[in-house]
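Listed below are the structures to be examined.
Next, two complexes with chain A in common: one pairs it with chain B, the other with chain C.
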Partner chain A sequence: MSDLFKKELLFKILVVGDFGVGKTSIIKRYAEGTFSPKYKMTIGADFALKQLDWDSETRINIQLWDIAGHERFGYLTSVYYRYAVAAAIVFDLTRPDTFFAVAKWLADLRDKVSLPVGRPLPVIILANKGDVAANKVPPQIEEFCKKNHITSWYVTSAKENRNIDEAMNRVVVEVLENQRNNNLYNSDSVMLAEEMHTDKHNNGQLCCSR
Partner chain B sequence: MTRQEIEKDWEWLFSNVCETLHSFDKEEDITEFVIKKIESVMATNQECQDFEDEDSKSFKITMDKFHQLFNLPRDEKLVNYYSCSYWKGKIPRQGRMYLSVNYCCFHAYILGLETKICIRWSDVIVLGKTNSVLFPDSIKVAIRGKEHYFSMFLRKAETFNLMEQLADLAAKRLIDERRGFNEDKDLLSKLSKNVPKKPSFLKRDLDARAHSEAYRLLFRLPHTEKLDGSIDCTLMTPYNKRHVSGRLFLSQNYICFDSRVKGQVSLIIPLRDVKLVEKMETSASNPSLDKAIIITTKNTIDKTAFLFAQILDRDFLVQKLSELLARTNDLIFGRSNGGGDAQLQTVEFAWKCQPPLMTLFPLTVIPDVLKKQKEKELKWESHFNVYGRGISMYRTTDISKLVLDGIPDSLRMDIWMAFSGAANEKATHPGYYKSLVNQALLQQSTANDEIERDLHRSLPEHLAFQNDTGIDALRRVLCAYALKNPNIGYCQAMNIVASVLLIYCAEEEAFWLLATLCENLLPDYYNTKVVGAVVDQGILDDLLSENMPNLHAKLVKLGMLNMISLSWFLTIFLSVMPYESAVNVIDCFFYDGAKVIFQVALMILKLNQEELLNCRDEGEAMQLLADYLMGVHNDDGRGAIRNKSYDDQQRKIRVQDLIYKAYTNFGTISTGVIEKFRLKHRLKVVQELEANFENNAIRSVASDGYMTSIELQSLLNIIREEYLSQKKMMSEKNDPAL
Partner chain C sequence: MQKTLSMYKQFLRQLHCYIIIIFQGVTPSLRRSVWKYLLNYYSWESTQKERDQVAKEKKEEYYRMKTQWMTMTKIQEDNFSDYRERKSLIEKDVNRTDRTYTFYAGDNNPHIQLLNDILMTYVMYNFDLGYVQGMSDLLSPILYLLQDEVDTFWCFVGFMEKVISNFDVDQAGMKEQLQHLHTLVAFIEPELSTYLDNHDSGNMFFCFRWLLVWFKRELSQEDVMKLWEVLWAGLPCPNFHLLICVAILETEKRALMDNNYGFTEILKHINELSLKLDVNFLLNKAEGIYRQIEESAHANDNVREILGLPKIENGNLDSPNTASFTYLDTTADHASVNIDTNEVSYERGISNSYL
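Entry: the complex of A and B
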C-alpha cells in the first residue's frame, strides 16, 4: 500500500464515534480547512486525503476514513477497517451518552483491527464541540484512557478549529513510532497487507489482542 | 340461501342462545354476546368444511407416514412428496423426498438399509442445480458444513421451484420474526374454474403465492396484492386503432393487461376507479369485437373506457369482476370511516400538509433549464393526449423513452405516484397520514429521537431544509412512517430519500412514496440489519464477476465493492450524485423497479473500468468513484446551490447518457433475474448473519475459560434447535388464520 522506501508514507486513519458527533466536520476541517454547520450525513463511509510534509524528507499522505455511526450499519463497517494504522474516536461534549459509547467503539476497533505482532491500534479520543461545552468534559475520561492504554485525548472544536491539527499530529507521531518498531520485525508493509487479508478468512481469530 | 334455511338457523339461535340472554343486564352486552356467538359458530362450521376440502385421503396417509418416519409433530404440514434418489457417497439410494413447511426430508429403505435425512429449511445456505461427474443432474442442498445431493427426479423443475420457495419463505421468516406462515384460506372459498387437482392444499397455496409474486413484479403492485386469475383476450388500443392480444389479470384491487409481445403495451386499472363493466353486443360484422367487454372508469378529467375482446369465458370474467367490485366499494367506505374516527380520538396539531417544497422555495431561474423543462412538459402533455394520463394510461415503449430522458419537475409527483402504485395506497387510506402524524408527534420514541438528529443533515444544500417549513415536513413524514411500520422504524438513508421526495412531491404523496419504496421496491432494506441492501450488494458482486471479471477481481483485491455500494443502494444514488441527477435514476426506478439500480451501478463501474484497474489502493479507487459520481450532471434539471468545491466538480457525464448506456449495456438484467438472485443471496446472507452472531457470542464467552469453543458451539446448537421449534409454535399460535 505505501511506499516506505521513498519516504512517502500513506496512513489510513479511521474516524469513528456515534452519529452526529461531528466526525465529518472534523475531517473537513482538517483536510480542507473549512467548516459548515450543515454537512450531509455519511452513509457507509466517506473519506478525505491530506498531505502532510512531516519533515524535510518525509511526506505523509493521510487517508481519513469517515465511518458512519448508525448502528444498523455497524456490523458492515469492518470492511472499512482493513489496513488502518490508527483511529480517532469522537464524542460530543453536549451529549453525555456519546462518551459512554466511546468504550463500545474502542472495543469494536480493538476487536477488528490489530497491527502485526499483536500491537494494539493507536487510538486518540476527541471531545468535540468544545466551542459550546468545553466545561462539560466527563471527569472519568482520564481514568478511562489510562485503563485502556490511550495516551492522549483532546477537547476539539471543528467550528473554531481548536486542537484538530494538534490531535492529528499526535496520531501521526504514534503511528510513526509504531512503524519504527515494526520495521525491526518486518520491513515490507505489503506483506502485512497480504497477511491481514488471509486472516480475514479465519473469522478474525488473530484479532484477539485484548 | 332460501327462506327455509334462514328460518331454520333462526330457530337454532332462538332455542340455543335466547335462554342465556336473561343473565345480562345491559343491552350492549347482549348484542355483543350474540355477535360473538354467531361468529364462533360460523368459524367452527368453516373449519369443518376446510378439513373436508383441503386434502385428498391418499395425501393424508402419506402425511401420517411422514410424521412417523421423521418423528415430527403432527402440525408440521407436508406440502408435497417426490420420488428421487439421494447420493450417499457414490451410490444413489432410491427413495422419496418429502417437502414440508419447515423441513426437507428424504427416506429410503432398500435391502434392509435405511437412509433418513431431515434438513430444516432455515439451515439451508445454498440450494442449487448442479451437474457434475460425481453427481449428475442433481439438486444440491447445503447446510453449514454439509452438502446433500438428490437426483433422478421425475419433475425436477417443479421440485426445485417448490424447494426454492420453501427455503425462501424460511429465510424471510428469519429476517422478519413476526412474519409467520399463514395459509391462505381465501383460496378455499375462491370461485375458480379449470384448476387442475393438486396433491395438497398447501401446494396449491404455494403455487398461488408464486403466481401472485410474479404478477406483482410484472405490474409493480403492493405486496399484499393477490392474483385471482388470468385470461387471454385482446385490448383495443385507441392510439393506433388495433386489437393487441395478450393476457388480462385480475386481483383484489386491480385489473391489469400485458401484451403477448413484450413491451408492446401494458395497462393497470385500479378497481376503485372502475365505474361500469358492460358486455358488448356481439356484432356479426366485426369479428374482432366478439365477446367483448367495456370497462368505464370514473376518471373525471376525460371519461375513459377500455375495450377488451375475444374473451373466451366472458360470463365468468364479468361475474368475477362484479364480485370484486362489490368488495372494493365496501372496503373504501369502511376505511374512510375508520380514518375519520381515528382523527376524532387524537389531538389535533396545528400543521398542514406542505405542497412540493420546490414550489415554496423556488431556485433562481436559469433560462436554459427553464426552456428545457417547458419542452419536456410539452412532450409529456402530447403523450398524455394520445395514451391517456394517470395510472391507467396505455404504457408502451414510447413512455419508456420519455422516462429514460427524465420526467419534468412539475410532473414528477403524479408520474411517480402512478408508476409506483403509491397513488392507490393514498386513495384507499384517506385521512390515514394525518392521524398517523398526530399520533407520532405525541409520542416519545427512539425512532423520533434519531430522526430529530438527522433532520438537518438530510439535504442541507437546499433552501427548503435550512428552514422550519421543510424540516417540519420531513420530521412528520419520517415519524409517521416509523409509527406505521415499527419493523423498520427509522433507518438512516430514509431521511435522504424522504427529503428529495419532499422537494418534488406534496407531503402526503411523499409519505406514500416512501412507504411503497420501503415495502415493495426495496424489501428489507431499512430493517435493523439492512439485510435487503446486503443481499443486493451480493447480487452486484455476482453480476460484476459475470460481466467484468477483471474488474471484479481487482475490486475484490481492494476489498471495496461493499464499501461503495452500500450508499448506492440505500439512497438510490441520492447521497453520492448531485440530487438533481439522481432523481432521473429514481424516475426509472419507480417506472421499472429495483433492477435499474443494478444496471446503473454496473455502468458506472464499466465506464471507470480502466482507471479502477490502475488504482493502487482502495482510497484512490474510492476517490475516483466519488469524483466521478459527483460529476454526473443534469443540464435539464436544476439543483440547489452548493458549496464552492461542489460547483468546481468536473462534469463527467450527462445523467441521461449514463442511464441510456446502462439500459443498452445491461438490458438483460430484468426484474425476474434480480428476483432469482435475491432468493439465492437471501439464504446466504441470513445464514452468514446467524453464523456471525453465534461466533461473536462464542468468542465473547469462551474467554472466560469455563468451556471450550467446541462445547459452546454444541450448546448453542441445542439452544437454537429449541428456540426455533418454540418460535414455530408461537407463530402458529398467534396465527389468526389457523
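Entry: the complex of A and C
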C-alpha cells in the first residue's frame, strides 16, 4: 500500500523520572539513533518526534515528551502531561534513590493526567544505565509493578542502545490495545479518527524483559 | 569637596561602564573588570585601596565556606539528606553544563570541578536556596570569563541576587514573570496574546526556559554575555528581559499564527529558536518596544509598573491629560506622534544605541 493511503496516528508519550536518570538520552537514542554524554539538562520540557511504520496500513507519529526532572518545577508538569496517551518512568540503576522516586512520578501522573474516558494512562518503567549496573535491579520492582498495574519494565541502556526500541514498541502496543478496548476512536484529544486494525507487531511480550 | 569629587568619579566610572556596554566595545579584559561592578562585587564608589581590601576579605570568606563542606565527614553526610541531595544534583548538573565548549570539554576537566566547588560553596552560603537546576547555566559564563574561583563565586552571588526569585520553592517569581510577560504581549501584540489564549498557551510556559536562565540556552556564549551585561545594568529599564521575550515573540508571531500552531507546536517552535537568535537585533527591537511603551498614552499602569515607569494616576488613558503630561515631561511633542505606529519607535531604538 502506498504511503498516501496509510492511516496516520499521533501518540503523545511522556518520559518522566528523577533528574539525571537519562530521559533525554533515551529519547535521543530512540528518535535520532544517537547518544552523546554531552546532553544538557532539560529546562522546562522538550520533545522529539519519531515516525513508526507500524504495519502496512498504519503509520504512527510518536511525540516523546522530555520533561525536566527537578522537583522544583513540578507545577509545570500538569500542562505538559495534557493529552498524553502513555508514559515511561525512568530511573537510574546506579542510583537507588531514583527507583524510590518512581512511585512519586507515578503518583504525579495518576494525579494529573488520565485518558479521556478516565482510565489511567498505560505506564512502563525503564531501569536505565543497564550498561553500567544491569545487576543492580531493585528486587522490589516486580512487586511494585504488580501493585500498580504496570505490565512491563525493561533494563535499558541509551548508551548501548539496549531495549529502547523494545520498550517503546511495548508502549505503542499498550496504547493500541487500550484504544481498541475502550473504543476511543473519536477522542478529541489526539487524532484517532479511524478504527484501529489489528496490530501485527504485538509480539506477545507481556512479561518483563531484561 | 572630597565627597563631591568622589561622587563625580563614581559617576564617571558608572557612565564609562554603561557606555562600554551600550557600544559593545567590550574586550575580555575590560569585561572582567566591568562585571565585578555590575554584579556588586565592588561598589561603584570604591577606591582601589578599598577594592583590594574587599578582595582580601571575600577571599577569606570564600575559603572559610568552602572548607565547611569539604571537611564534612561521611557520618555527617549520611545524616544530612538535604545536603546529600544537593551535592548529587550539583555533580550531575556540572557534568552536563556547556560540555560542548572547549573550556568545559573532556574528561576530568578542571573547570567542571570549579563549577562544582563554587556551587557547593554557594549551598553553604545560602542553604535556604541551596542549588536548583538552572544555576549551573548562570554560573558557567562567569567562570569562563573571570577564570578565578573566588571572583567568580562573588560575581555569581551578585547575579543570583538579581534572579533569586526564579528559584523560589513555590515558583512565585517565575509565575509572576510569566504573567507580566503576558501583560506586555497583550499590550504590544494583542492579536498574538488572544491567539495564545485560544491555543492553550496563555500561560506562556513556552517561554519558561528563556526566563529561568536569561536566554542562556538560546544564545552563544559571547552573545549571552553581551545580553546579560545590558540586563545587569538595568538598561534601559527593569525587567528588560521581558521585552526581549516580547521582541522574539513579535518576530515569530506570523510563523506561530499563520501555521495555526497549538500548544505543542508553539513549544517546539520556540525551543528550536535556540542558537538562531540575533542578540543585537533583539536588543534593538526590545529597546524600540520600551520607547513605544514609555511614550504611549495608552499604556496602562500594569504595563508601566512592570517596566519601572511611573504610574498614570488618573486612569483616563485615552486622552493625554495633565497627569500623564507631568510624567512625560521630556516629550512635549508626544501628542503629535502616533505612537501606535511601531516603526517610529523602532527606528528610535535602533538609532539610539546598540549599534
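As a convention for this text, the second predicted complex is superposed on the first by the 177 of 210 C-alpha atoms of A that agree within 3 Å, B and C clash if a C-alpha of one lies under 4 Å from a C-alpha of the other, contacts with A are read in each partner's own complex, and residues count from 1 in each chain.
The definition used in the following text is that contacts are C-beta pairs under 8 Å (C-beta built on N, C-alpha and C of every residue); 3 or more make two chains touch, one makes a residue touch a chain.
Worth saying up front: this structure is predicted, and the values here are computed from it rather than measured.
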*Once the two structures are overlaid on chain A, check if chain B and chain C clash or fit side by side.*
clash
*asked:* According to the stated criteria, A:63 is in contact with first (chain B), second (chain C), both, or neither; which is it?
replied: both
_Which superposed partner A:73 touches (first chain B, second chain C, both, neither)_ = both
_Contacts for A:35 in the overlay, against chain B (first) and chain C (second): which applies, first, second, both or neither?_
neither
_Most chain A residues touched (candidates chain B, chain C)_ = B
*Which residues form the common part of the chain A surface touched by chain B and by chain C?*
12, 19-20, 38-41, 43-47, 63, 68, 70, 72-73, 75-76, 79-80, 82
*Please give the residue numbers of chain A that touch chain B in the complex, ascending.*
1, 10, 12, 19-20, 32, 34, 36, 38-41, 43-47, 49, 63, 68, 70, 72-73, 75-76, 79-80, 82-83, 197, 203, 208
_Touch list for chain C against partner chain A, complex_ = 88-89, 92-93, 96-100, 132-134, 136-137, 167, 169, 171, 175, 200, 203, 205-206, 208-209, 212-213, 217, 263-264, 267-268, 271
*asked:* Taking the touch rule as given, give the residues of chain B at its contact with chain A in the complex, in rising order.
replied: 450, 453-454, 456-461, 466, 491-493, 495-496, 526-530, 534, 559-560, 562-564, 566-567, 570-571, 575, 616-619, 622-623, 626, 643, 645, 692, 695, 699, 703
_Which stretch or stretches of chain A touch chain C in the complex?_
12, 19-20, 37-41, 43-47, 63, 68, 70, 72-73, 75-76, 79-80, 82, 95
